[in-house]
């Protein structure tokens, strides 16, 4: 099967192991996003696929070839770096054509491919500029163009948008989505931006400390996370967590002074400490209750209301209406018990 | 009237004029935010108020004194810089007390003030550390502490949070809001982050190319922008704009193949070219229509659906439900005509 | 990293590299090693033509003892110190000030003055020789350490200003603005804010200037004579005429003269290199 | 707004009367800081440059006052230079120095590439390779003149070991200049090496990785990716090498004293010889040589200043 | 006498930096200091080579009272610039008894500008033992010299050591060859610019020199060595003789040669002209800016007095010839021979030395040409043209 396959891939720097036996299959044409907190090994894994880091053990297949010990340039991959890594002394056109030139392609062919890429990326008028004379978004496009020109099996992106400002980031995100639709190549994309991950991915890989926590489609991870880490990581604002105890009636949550009647297949015994998770979008502020309003942020279309529970826990509620809760007033929250998730307080695994 | 008043303030660098006669009143205790695209003169204006840039002409009053030609230190302002500008060779405590010490305040008084500020900002345990040993958020707090210690009439902030990562930014934003509530001083705050502006400001000043476009409370600007620029700038995702023509029935919008029955007090004559604006939050996707779905981004709680009109115009619709429109399918949009805004196509001024 | 890190190359390449390194070093330092060997031989080796064979006896202590106790070498060394140290202090102090003025303030002629310092710094010494010598002579400073020191301070100020100004330029200007908003007087900004931040630059410059001045020969012979004021570079020539053709002593003397800057380099390597590259590259 | 007197009481901090210095602090301070530096520099560097021009218009033996003892001869010294064979030799030798000294740049690059590894002890190796630069040129000169000694010098011993004739490197007018330049290249190469080592450190590793993905290897990588990024280092190496070449004096003075029969003179040495050496009493003539040297250097200074100015201008935008 | 009440400080700069002269000078200063309780003598000894270029600076600002220098034309620039004090009155008053004979060397423009304190003969110092081994005699004519040399060359040695790196040793050869070929007077005409370098007589001198060069008489690579660096060739027997001043003798002795192994002969006769000799005179001068003129004059009298002359020129001091007619020449093989040679056999006249008789610029260009000639004799025409051009400019 083409695409990219990792089998028990391990990476050690000297004594410290940073990737702990990762198994992963990425199908041909799939857009796969690695997310995870800083330092979890996203870049390392990506660079191992690119061949820029040696693989300590395990096997990496690209398009059904074992490339574990291949040269980067032989793997059929192209990479787009966070800092763009454009050659500052070459024009945009030269930057894009450089790889082909190094591999001895004739000039006419290079020109044609650069033309084609610059058309796709709307870079035609900048072909003769140096990177210095481009804006951040344009530079990023050139970096992508450089990848396209080489016509690789797999595109690798390492946080390609994190150096752009918010507006441009949105724009480029859409462009990358288009690009993927248009050329249909396999793409692996590292980001720590939730929105990017959710909007771009066919498949999200959540990493933590060199381990894969969960793999799945964005909505799958959003709707059905395997554990508290994934649940908290996916979704913005982050899911609210409150501690609770299993009782017959459901989960008793002191912070909310209520017992939430959850239905679980695999119900733990009463008295088990659990964590209840509810997304801010699934909550509503209601009058009267034991939570005090700390702050309300109004963003026009949507408001975030920060609530303090007497237990010291903090909740965020997303409200559509511009209803103004004054600071310090006491409120409660209502939510649909079926939208709640329950996690084991110790193992942090989801209890379904 | 205390607070800050600018009268016909102009700034030229040599021949190029960057601030074009700005008039502005900021009341005592108000939280005023300057927003605008990069290079519009936000920082320049702020630095003129601080006295770090000379004022070419016009008058700046702070607390009813004409300070136009005063030294920065004489204006009763304190400034928090984007880069924090902490003195790296001094401890946190020394950083905060430096200004007082240099101006000959007795040591006991300095200590007391530093103590007080560090209490407010929860910096007590870091007082003896050097800035290098602090996290970004802590550094920012120290910078604010340095401002507090001097007990200024006016706090000036130049993009104080832009060097922090997303999570911390949210946190610090909340803290600044708290701070303002607590000490109640006048604050002027520059940012290009919409959310900061919307959530923090009592009064937003939208600048463009050295001119003030509109001044008002966040929701006022959101609900009732004066012109297309402000309407497009405030709100995220940005307002959708489509061109249209005035007819008897309302605005005829070719892109949507419909005529929107707007009610305008100051109705322009038929045939006038106008721009119709509708916020993504105010639209809904409906089946059947002449718009084709380009892309749908699903963020869990909310989805953004990008639509292409035959005219080449582009619309974004925010949808709450995770309804999946497949790419390329033809859809229409529905919206409440009363939520639409109409702008003159030429002057870009709002037509009410 | 370029070239490819050797640890990523095959074992054979690693071994070749590891063996090549010392050989290359040996060849590179060959002339110096030769001199070191000279300095340990007895005189008879040379008179008997035994320049490169095994020394007939190991005379390192005798030879270096002679250098230290039977010549003016220690005096020359002391002179060098008395010339070098004040110059370093003076040039660094002056250039901290000029660098501050040029790096922080915007005023008419800023760039012009800055360029004057740079241009002066690159001028061939020779064009200064006659007038500076006359000036020194007529100020009664000829053949005094002070005369040399004053000139060196002035001349090095050019380079140091280039260095300091660029360094200060790279400091965040918000630091200064923050201090101004707080009402700190300008000279206090220099003293309390800028100067402490310049410590690495000061260290780098000091080491660099130390070596420059210690190694100066041209001005030493133009502005001084005799063991009262001459530094070791100039002293070595008269040392050599005292011990002419006695290679063992001449070598020992040369090594002694070269030692302080070498030590300085080894102790302050980081600063030294920072000085060379920052001053120049920035 | 109420009356104007009230605020003065309300906010005493802004209405304090200030002295002249206080009011003009920002404008005056830089000059106060500049005065000592400018004073020193003018007296010892700037003014002497012009004085040298002035002296070059005189015939003067350097004894006594130029106004009394000197004789104004206008451009005659310069006219004489045109026909002076020794001047011509010096000029040619300077040219040789200029060109050959530049070899320090590729040589330094080569060594830097060789040493840019992270094996154990490489730091020590690097500093030992840098050694020659720290040593005084006087000592370098001595060391090399012994290295070059006819018959018994190490170099000749090595040559003879390989069956070559012994060469009198410093005694042969055709070879001597090159031998001195070689000695000068020793420290200069070390200098270039350091510049390149730091330059290599600053090369963006992601660009190297990008180039590796692009399939650039070895010399292609060097040529297309690394060298262009080392441009600042190359530029500085170029500037300091040129200046070093034009200033070359110590080595010549120590190694050959200009000989044999003046064949290793360069302008800076010839100038010294004419003006201040044992038999040199022609201050005016010497100054004229210095002026010529200065004019040559001015080309490079101009180039350097121009590129600095360009950088400054760019930095501002 | 009246000197005992000298007071203040007497500052002397001396260039006697080689070990033996240095000791002599230090002794001299100490003695003088002791003689005058109220006077402090400050002595600064500077490198002899360096002094040649540094003297002008020393005289310009804050000049010392007494300095060392050389006689004849070498004084010219300082006399012209008024930096040396005119002490003609001392000679006229008879303050300097016994110096009448050497007064000439101190005279420029009809006045005297200093006193000599030592002089020494030049001549050929040779390895007596090797001469004996080869069965050679001290030559008296140039033919004999050449014949000797041929034998030496055939034995695998060079005839003459010379270190011409600092040029002046070649000047010695030219002085002798020219004085022997063309006579003292012509040599002086050349030195004073009256004779042309293009003169055929000059060529003749060079032709004689070339004979020696072509037969391999001189050691190789001499242009690389200083005069001291060439000494080992004699010491090691690689060269048998050295045309040099008497100051070389202590060095040879120190290197281990005994007086049995070295000997001295006068440069042999070439043409039938009176024999001129080089006998450079080293001098003391009072700077015109001297602060303590009384003490300086007293010091000059002191150094030139017969007893002091005897003492400082003795074999354990300078080991050279005293300038005072009333002092005695030390009991030293070489000094005695030299004194005899200069007083009996120098009928042509006594020259100072190439670089002291020729004006500075001429001397410098000249010696450079001489060195070149010794390495590339074929360049003679070119060299002479150059020297002639220099002559035309220098003496204009």
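By written order: A, B, C, D and E. Residues from 1 in each chain.
Please note the rule applied: a residue touches a chain if its C-beta (ideal position, glycine included) is under 8 Å from a C-beta of that chain, and two chains touch if they have at least 3 such contacts.
All figures in this text were calculated on a predicted structure; none of them were measured in a lab.
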**Message:** Just to be sure I understand the contacts, which chains border both chain E and chain A?
**Reply:** D
**Prompt:** Where each step is a move between two chains that touch, what is the least number of such steps from chain A to chain C?
**Reply:** 2
**Asked** Ranking chain pairs by contacts, what comes out on top?
**Response** C-D
**Item:** Centre-of-Cα separation between chain E and chain C, whole angstrom
**Value:** 40
**Prompt:** In whole angstrom, what separates the CA-based centres of chain B and chain E?
**Reply:** 93
**Complete:** For the pair chain A and chain D, the C-alpha centroid-to-centroid distance in angstrom is 54
**Request:** List the centre-to-centre spacing of chain B and chain D in whole Å, with centres computed as mean CA coordinates.
**Result:** 53
**Prompt:** What are the residues of chain C that contact at least two other chains?
**Reply:** 49, 133, 185, 234, 237
**Asked** If you look at chain E, which of its residues touch at least two other chains?
**Response** 49, 53, 60
**Prompt:** In their complex, what parts of chain D are in touch with chain C?
**Reply:** 25-27, 29-34, 36-38, 40-41, 43-49, 51-52, 55, 62, 111, 113-114, 116-119, 122, 125, 127-132, 134-139, 142-144, 146-147, 152, 154, 157, 186, 191, 194-195, 198-200, 203, 205, 208, 218, 221-222, 225-226, 232-233, 236, 239-240, 243, 246-247, 249-250, 253-254, 267-268, 271-272, 275-276, 283, 286-287, 289-291, 293-294, 297, 300-301, 304-305, 308-309, 312
**Prompt:** Touching chain C in the complex: which residues of chain B?
**Reply:** 50-52, 71-74, 77-79, 81-85, 87-89, 98-99, 102-103, 146, 150
**Message:** Could you list, by residue number, the parts of chain D that touch chain E in their complex?
**Reply:** 61-64, 69, 85, 149-151, 168, 170-171, 173, 256-257, 259-262, 276-282
**Request:** Would you pull the chain C residues touching chain B in the complex into a rising list?
**Result:** 172, 174-175, 177-185, 188, 192-193, 196-197, 199
**Prompt:** Mind pulling up the chain E residues that touch chain D in the complex?
**Reply:** 49, 52-53, 56, 59-60, 77-78, 80-83, 165-167, 220-224, 355, 360-361, 363-364, 368-369, 371-372, 375, 386
